[in-house]
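Notes follow once the structure below has been shown.
Labels run A, B, C, D and E following the written order; every chain starts at residue 1.
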Amino acid sequence: MLEYIWLIPALPLIGFIINGIIGFRIRKHVVSLVGCGTVFISFLIALMVFREFILLDPEQRFFQKILYTWVSSGSFNASIGFQLDPLSAVMSLVVTGVGFIIHVYSIGYMGHDPGYPRYFAFLNLFMFSMLILILANNFLLLFVGWEAVGLCSYLLIGFWYEKKSAADAGKKAFIVNRVGDFGFIIGVILIFYTFGTVEFKSVFEKLPGMIKAGAVDPFLLTVICLLLFAGATGKSAQIPLYVWLPDAMEGPTPVSALIHAATMVTAGVYMVSRSCIIFAYAPYALDVVAFIGALTALFAASIGLVQNDIKRVLAYSTISQIGYMFLACGVGAFAAGIFHLTTHAFFKALLFLGAGSVMHAIEGETDITKMGGLKEKMPITHITFLIGALAIAGIFPFAGFFSKDAILAGAFERSPYLWFMGISGAMLTSFYMFRVVFLTFYGESRFPHEVSHHIHESPPVMLIPLITLGILSIIGGFIGIPMIEGGNRIGEFLDPVFHNATTILGKAHHEDFLMEVMLILISLIIALGGIYLAVMFYLKKTYLPGYFQEKIPSAYRLIFNKYYVDEIYDYLFVNSIKSFSIWLWEFIDTVIIDGAVNGIAYLTRGIGSIMRRIQTGFVQSYALSIIIGAFVILAYYLFRIRM
Amino acid sequence: MEGVLFWVFGALAVAGTLVVILSRNPVNSAIGLLFCFFTTACLYVLLDAQFVAVIQVLIYAGAIMVLFLFTIMLLNLETDIKKEVTSPGTRILGISIGSGILFEIALLLWHYRITPFLGTYTPEKLSLTGNIQAIGRSIFRDYILPFEILSVLLIIGIIGAVVLAKRD
Amino acid sequence: MDPLSMDLNLASIAPEIVIILCGFIIILLDPFIPYEKKRYLSYLALLGCSVAIIFTFSLHGKRIVSFNNMIALDGYSTFFDYLFLLIAILSILIACDYIEEERILYGEYFALILFATSGMMLMAKGVSLIIIFLGLEVLSLSTYILAGMMKRDLKSNEAALKYFLLGAFSSAFLLYGITLIYGTAGSIDIFGISQYLRAGSPSALFFAGVAFLIVGFGFKVAAVPFHMWTPDAYEGAPTSVTAFMSVGPKAAGFAAFLRIFISALLPIVSDWSGILWIIAVLTMFVGNVAALVQENIKRMLAYSSIAHAGYITIGIIVADELGSSGLLFYLLSYTLMNIGVFTVAILLRKEGEGYEIRDYAGASIKHPILSLLMTVFLLSLAGFPPTAGFMSKFYIFSAAVKKGYIGLALIGVINSGISVYYYLRVVVLMYMVEPSREFRPLRVGVFTSIALIISLWGTLQLGVYPTGIINLARSVVDVLFYIPLNIGSLFSIKAF
Amino acid sequence: MGIRDLPILSIVIFMPLLGSLPLFFVKKERVEFIRGWALFVTILTFFTSLSLYFNFDQNSANFQFQERISWIHELGISYHVGIDGISLWLLLLTTFLGPITVLCSWSAIMERVRDYMICLLILETGILGVFSSLDLFLFYVFWESQLIPMYLLIGIWGSQNRIYAALKFVIYTMAGSLMMLVAIMYLYFYHKNQAGFFSMNLLDLYNLNIPYSIQLILFIAFFLAFAFKVPMFPFHTWLPDAHVEAPTAGSVILAGILLKMGTYGFLRFNIPMFTEASINLAPFMYILAVTGIIYGALVSMVQPDLKKLVAYSSVSHLGFVMLGIFAFTVQGIQGGILQMVNHGLSTGALFLIVGILYERRHTRLIAHFGGLSRVIPRFAAIFMIVTLSSIGLPGLNGFVGEFLIILGTFISSNPYSTIAAIIAASGVIFAAVYMLWMFQRVMFGVVTHEENRYIKDLNLREFAYLIPVLLFIIWIGIYPATFLRPMEGSVKGIVVTVEKKMGKGNSIVFAVDKRITGDWR
Amino acid sequence: MAGLNHYLLLSAIMFSMGVVGFFLRRNVIVILMCVELMLNASNLALAAFAQFSNTIDGKVIIFFVIGIAAAELATGLSIVICLFRNRETVFVDEMNLMKQ
């Protein structure tokens, strides 16, 4: 079965080709069947592969399937090849699983859109790209997937391209990602420069030997890591390249759920975890990762506090949560990062789909200040959304509790400051999540009459995914229970991948049990505190938000406008580059270069005109020319002889 | 004696040329030219080129000058002598560039005295065989081809005169 | 007087004799032929040229110096005989229709073309300065008259007069130069001069003679600063004559120029190459730059011909076999392409001698083939491969490079870059601009067609497969460089 | 008699020219026949040229299909053609674009169809000749002779400002190539002095031992010719004008092939013949190339005219090619060559697409479009793919080339190459900016101009010429080995030449290679 | 005794005078006379050279020069007459139909 792992990405590709080329000719349900069916089969194959894989010895859990040599030039070689190890096995399960669920959900959500086949084609293309990304056996192929998911993101954000904001958002996503990719590709090249190969296995195996032999400059490794991380900040929306993700919410909600919450945006985390050994040898880079992660977690959460657009709140929450994952990687708790990635995929997809369900019901309204009281009208959505919120807030026993706790524990071990940043972020998270829950589902309905009239629960095709994900959000955490021996199954499963890195980082010693319990309790209390605050603000004393708004207006405005980062970027990069370009064009090109050329031409013609004027038509002046010629030649000879 | 004659004829020839280029009336110029030709013929005699001197008088002073004067009369040119004006600037330019060329040749002559190649036709030999005989022998033997070409040239001149001056 | 002692070898000037006789016959027959049948005279002229070619051909490969070191029949002069006869034939072919239309059908026209041709041939054949001077006069006088043959046309009169006055002026310079050279070197044939020069450094006055020679020949080939007559004379003269003038006298001038400067003056090459360098550069620049701003195609071509004189001069400066053969090759290709251009210019002209360049706008719509031909010729003049113009420029510039005159070659190529602009301007107008006038219906006569075919074929042949001509040119120029100590030793065959 | 015994290369080169001859005798009113004939000839040429690929010995670095006939014997000039792995692809690209250019002019060119097709066919022969000449003289002849048909294409069938653009094109190109002519002559005599016989043969000239100071001057002379053609910054200003005014087929050929003549020239002449000069001037080339990349991208961003935008993007793309070539690494040069092909396909396709729009709307201003995706979805899909190819999306052709170039430059031994590679890589960001922004403004949003509502989608003919391009775009993207493999030998030959001249001792290229083989394990 | 240089100087003076006259005078006929002067100067030099170098060629060439002068003059004057018929002028400064 392992031989067939290439089928996992290939099937969605087939779906893409079918839907992309003849999708507009075939009937809708065939499109859905192709779209979902291919992903489902991929999921099944992934499951089977996983099953076979898990039966192997932990040491033997590595499999490579090389299809063909892709780019071969001189000493450079990169193949189209897939590798299966615990990390990619987990990832492929998450991606195909969550992906399938969201595909199914999309049948309902996108049912009435004229671009239905196009939508499924793109979604399948995305699945293909994402699977390439996680199954790739070398950095270059990873980059292929990396860029391709970016493309799909671009296409799907701009799915409703007639809306300018959607098209703009798509473009922004792509370009900001490109900025990160610039770093990434340089990083890949540096890897080749350093190791002579881009294949994961050989790079990672060579590295320790080279370190021992002193054949590699640690500084170079740090640079490589920082460049790779630059790529990750782009894809995974971290400071300073997070700006595209909130805008990306212009896309259809299932897309946001799949790409901008569950899978694609976590690619950066995957990549950093994949390269954990390099990072392990570059502790400074790791510190940067941790710090950026923690900072992003806090920063994005703070913006999330005051946003009114339900999807944007979720977007900032995603940014923040990915920040946690990077924090995990940065402190060396790679397994925890992947664990959080998995659980986050469940509950964030759930939250997005829930939001989508709400929007579906209320005709696309996204402003939570205009909602309220949906609890009764949409009970299942409400329950599942609540589960998601509890999970993300880290309440026991929901999935987020375990994963977030593992991260915070790791962070504490590394540095209490990071832990403190994390824990503050957790508090903000639970506050803003429950702000959304309360404003949306509780309290008085703030809908206009004609809208509230139509509100209805979503169709089963949308609810079943919600329920599925809800269940996953509840039980998902139990694959990684801390403290109990053997409870951290995911950690053990992933250990072959991260083992070397954690060893190098010296994370072998175990935490003291009491300390761990303390930390868990603190984080639980903090999370509950956040929920309590939200209850106070949005259920009990609803005047409080307004009060604070008036009390500290400048702080509020700053946060509400997302710290003006977009504006600063616009001013610094977009506008200045644009005016610089216009200057280049209108001055350098037109005035200087063309001017010089035209000047020469003009000068030549000028000389020609002067000559024309000399040509007076008078015989005498012609004779004069001859006489002067004779005179000069004679003078030349006189001069020459005298010499 | 010869030296004196050279200076006399030379001065007269220059005077003739001066008349040619300075007189405003073309008839006067023609007379000046005639004068110049005559004195040149005299110089030829001084140079032991009596036959050339004769030809000079016959063809130049006789035929060519008549042609000039006929044309002047034919075209009745005396009436617009007044048009013959040149601006002082042109005059200065012309004279300076002309004297420049003269100066250059003179400089070449002055500083670098030439020692001509010496041929076999010494004056003694020439006086022995006779000047005309020598020239005739040369023209009709060594220079037979130029002589024939000259005849073609003259015919072309005739054709030109017929073609262009004929009224049609 | 002993006739046997005369070095009289009529065979060596047989083509010239044929041509001149033919000219006389035409003159004599002219009055007896009714106006409608005058065209037969052109047949006669062509016949004469053909016979001359046959004679030339029969003399091919001979090396004879005769007429007391005045005429050298050798490969060099044979090459030029062919070239001049070709020029004569082409000029006659393109003239027939034109002079009929312009009402200048005279027997004299053809006779004068023939006389001019004989003058050119003598210039190439002459190894004595007096023969060269006489040949030049024969050529010039005929051309003056030809230029003035449109007697009612004020421009034609004026062109003839200007050409004549300046021509006479410059030939006076040339004569003075010949005089000085004769006086200092004691000889007027190139063998004597060459011997004199190799005997030791020449007298200072000799250089004055060289200077005046440069003036005289510079005038003939239209080199700057002796070029000023060219635009006026070209513009005013009947166009068929202009075509002739632009190639014939130039080729003849260069033939004599090269012969004298290489055969005779090679020992003092360093004394004249500098001057010619400056002249060549000035000629190229002035010709090309002034051509940029011309509105009349004849004037434009006049400046173009000046520019080409500049390129050709490089062949003299280089002063080696490559350069000289390049010059020969260049003259041949220039002849073909320039005659071609003028022929099309005549055919496409506006009624009443309209040669404004803008009159050619949109010609390609009504006359696609003629426009195509014009384009080929213009491109050749501009030096685009695969045409003769490119090949000859390549040849002559590479000769310059070989001799180390890289600057000259660079200036040359820069100039041909400039020239592209004005040549293409005509192409632009013909192809890319809407016509501004009605093109008259055109009947391209047989003669004209033949002339066009010859020039087109030649232009392409010399561009694509020039080996034969290059071979020929290279084989004939060695005579210029091989200067015998004893004349007899080289020209051992004195008669045939 | 096997196919290798036939002068197959010459047949390919001259087939279009011969094919154009019958057109001179066809009545110009019979446009359908003329178009059909031209299409037939170009397709036939393409298929004939395929036999070059199939008979190509991929393991050889030598020139293959050599044909040599003495041409101008006295001057040592011969008709000598032959191809190696480098020229093979450019040759095939040319023949491949041949039928496409005919097809895309099918309904766009209605006037003087016969003359147009003749120009196209002659042009094709000229270009094919350039890519296969092994004699410098022959090369120059072809080099110049493709100028005129192109000039006519722009000047006659172009748009409003065509005459200016055509002249600018010719004058600029001439200005550069004339210097080259003098340099060729110099080389020619240099060879005569050194080897004792005249030869214009490239293979002979490769063996010359030229002192550095002379190399420098010759390099600059050749550089001017090629830099104008490429065009490298700051010699590029003719390109936007020429593109804007040229008819679609003209633009396609111009961008697709003509520009490659410049980069090809560097590879074929400058580097092998003036190796030391090339090595020492490489930093200078980097500066120009990188400036071109960034400059072209930035200026492209603010163009209001579609064709101008694509034209400036060509400046940027060709900068990549130059960078790769002067990296002197196998990766860089292979990437450069591949990128030449890529650019030919992608930019060619972009011009085809702009041409299709122009044919329908008679405008190229971006502001006149908008919202077309809804109206012409199939067109949009193809446009999208081409756009993505142009911005170097992995999986499509552009990426492979760009990546290899950046990689090759990065690992080059030249101390400046790393920084050049990094700056060049940032050009990829700008490429995304200007292409996507353009795409968005043309295709996305709502239809703002009423005329745009009734634009027709692609017809069968347009599909017929776009699909093959797309196929190749994808092919190169996912299986570049087809293209990289045949050129490997020749490229390695060049790299070895360069490294020999560099001296093995201080060669970082070798050091890198050593590291690459992994001796540290 | 007058030496060669004296004759040559005289000849040069005449030649220069001819040149100056050609440049200064406006009347075509006088201009032609100036050309004759220049030719005459050459003749003088030829004769002098021949005499002082003991050769005869110079004196023979004079003969041809005179012939050439005659033919040239005949042609020239007929051109002048032809022009005069059309333009009624012999002044060269009035002849500039063509200039650009």
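Convention: a residue touches a chain if its C-beta (ideal position, glycine included) is under 8 Å from a C-beta of that chain, and two chains touch if they have at least 3 such contacts.
If you're wondering where the values come from, they're calculated on a predicted model, not measured in any experiment.
K.L.:
Return the chain pair with more inter-chain C-beta contacts, choosing between B-C and B-E.
P.N.:
Per the contact counts, B-E leads.
K.L.:
Among all chains, whose Cα centre is located farthest from the one for chain E?
P.N.:
A
K.L.:
Taking each chain's centre as the average of its Cα atoms, which is closest to the average over all protein Cα atoms shown?
P.N.:
Answer for the innermost chain: D.
K.L.:
Could you tell me which chain lies farthest from chain D when each chain's centre is the average position of its Cα atoms?
P.N.:
Following the centroid criterion, the farthest chain would be B.
K.L.:
Suppose each chain is reduced to the average of its Cα coordinates; what separation in Å results between chain B and chain E?
P.N.:
Computed value for the inter-centroid distance: 7 Å.
K.L.:
Distance from the CA centroid of chain A to that of chain E, rounded to the nearest Å?
P.N.:
The answer is 96 Å.
K.L.:
In whole angstrom, what separates the CA-based centres of chain A and chain B?
P.N.:
Computed value for the inter-centroid distance: 103 Å.
K.L.:
As a quick test, compute the distance in whole Å between the mean CA positions of chain C and chain D.
P.N.:
Distance between chain centres, rounded to whole Å: 44 Å.
K.L.:
Chain C: which residues touch two or more other chains?
P.N.:
Touching at least two other chains: 130, 134, 137, 141, 144-145, 148, 151, 160-162, 165, 169, 173, 183, 186-187, 204-205, 207-208, 231-232, 293-294.
K.L.:
Where in chain D do residues touch two or more other chains at once?
P.N.:
Expected reply: no residues.
K.L.:
Return the residues of chain A touching two or more other chains; collapse runs of consecutive numbers into ranges.
P.N.:
612, 615, 617, 619-620, 623-624, 627-628, 630, 634, 637, 641
K.L.:
For this entry, which pairs of chains touch?
P.N.:
A-B, A-C, A-D, A-E, B-C, B-E, C-D, C-E
K.L.:
What residues on chain A touch chain D, complex-wise?
P.N.:
Those in contact with chain D are residues 20, 24, 68-76, 80, 140, 143-144, 146-148, 151, 154, 158, 161-162, 164, 167-168, 170-171, 174-175, 178-179, 181-182, 185-186, 189-190, 192-197, 202, 206, 209-210, 213, 215-216, 577-578, 580-582, 584-585, 588-589, 593-594, 597.
K.L.:
What residues of chain B sit close enough to touch chain A in their complex?
P.N.:
90, 93-94, 97-98, 100-101, 104-105, 107-108, 112
K.L.:
Under the touch definition given earlier, write down the residues of chain C that touch chain D in their complex.
P.N.:
Touch list, chain C to chain D: 368, 379, 384-386, 390, 394-395, 397-398, 401-402, 406, 409-410, 413-414, 416-417, 420-421, 424, 427-428, 431-433, 465-467, 470-471, 474.
K.L.:
Show which residues of chain C lie in contact with chain A when the two form their complex.
P.N.:
161-162, 165-166, 169-170, 173, 204, 207-208, 210-212, 214-215, 218-219, 225-229, 231-232, 271, 274-275, 286, 289-294, 418
K.L.:
Could you please specify the touching residues of chain C with respect to chain B in the complex?
P.N.:
1, 5-8, 13, 20, 24, 27, 67-68, 70-71, 106, 108, 111-112, 115, 118, 122, 130-131, 134-135, 137-138, 141-142, 144-145, 148-149, 151, 160, 183-187, 196, 203-205, 207-208
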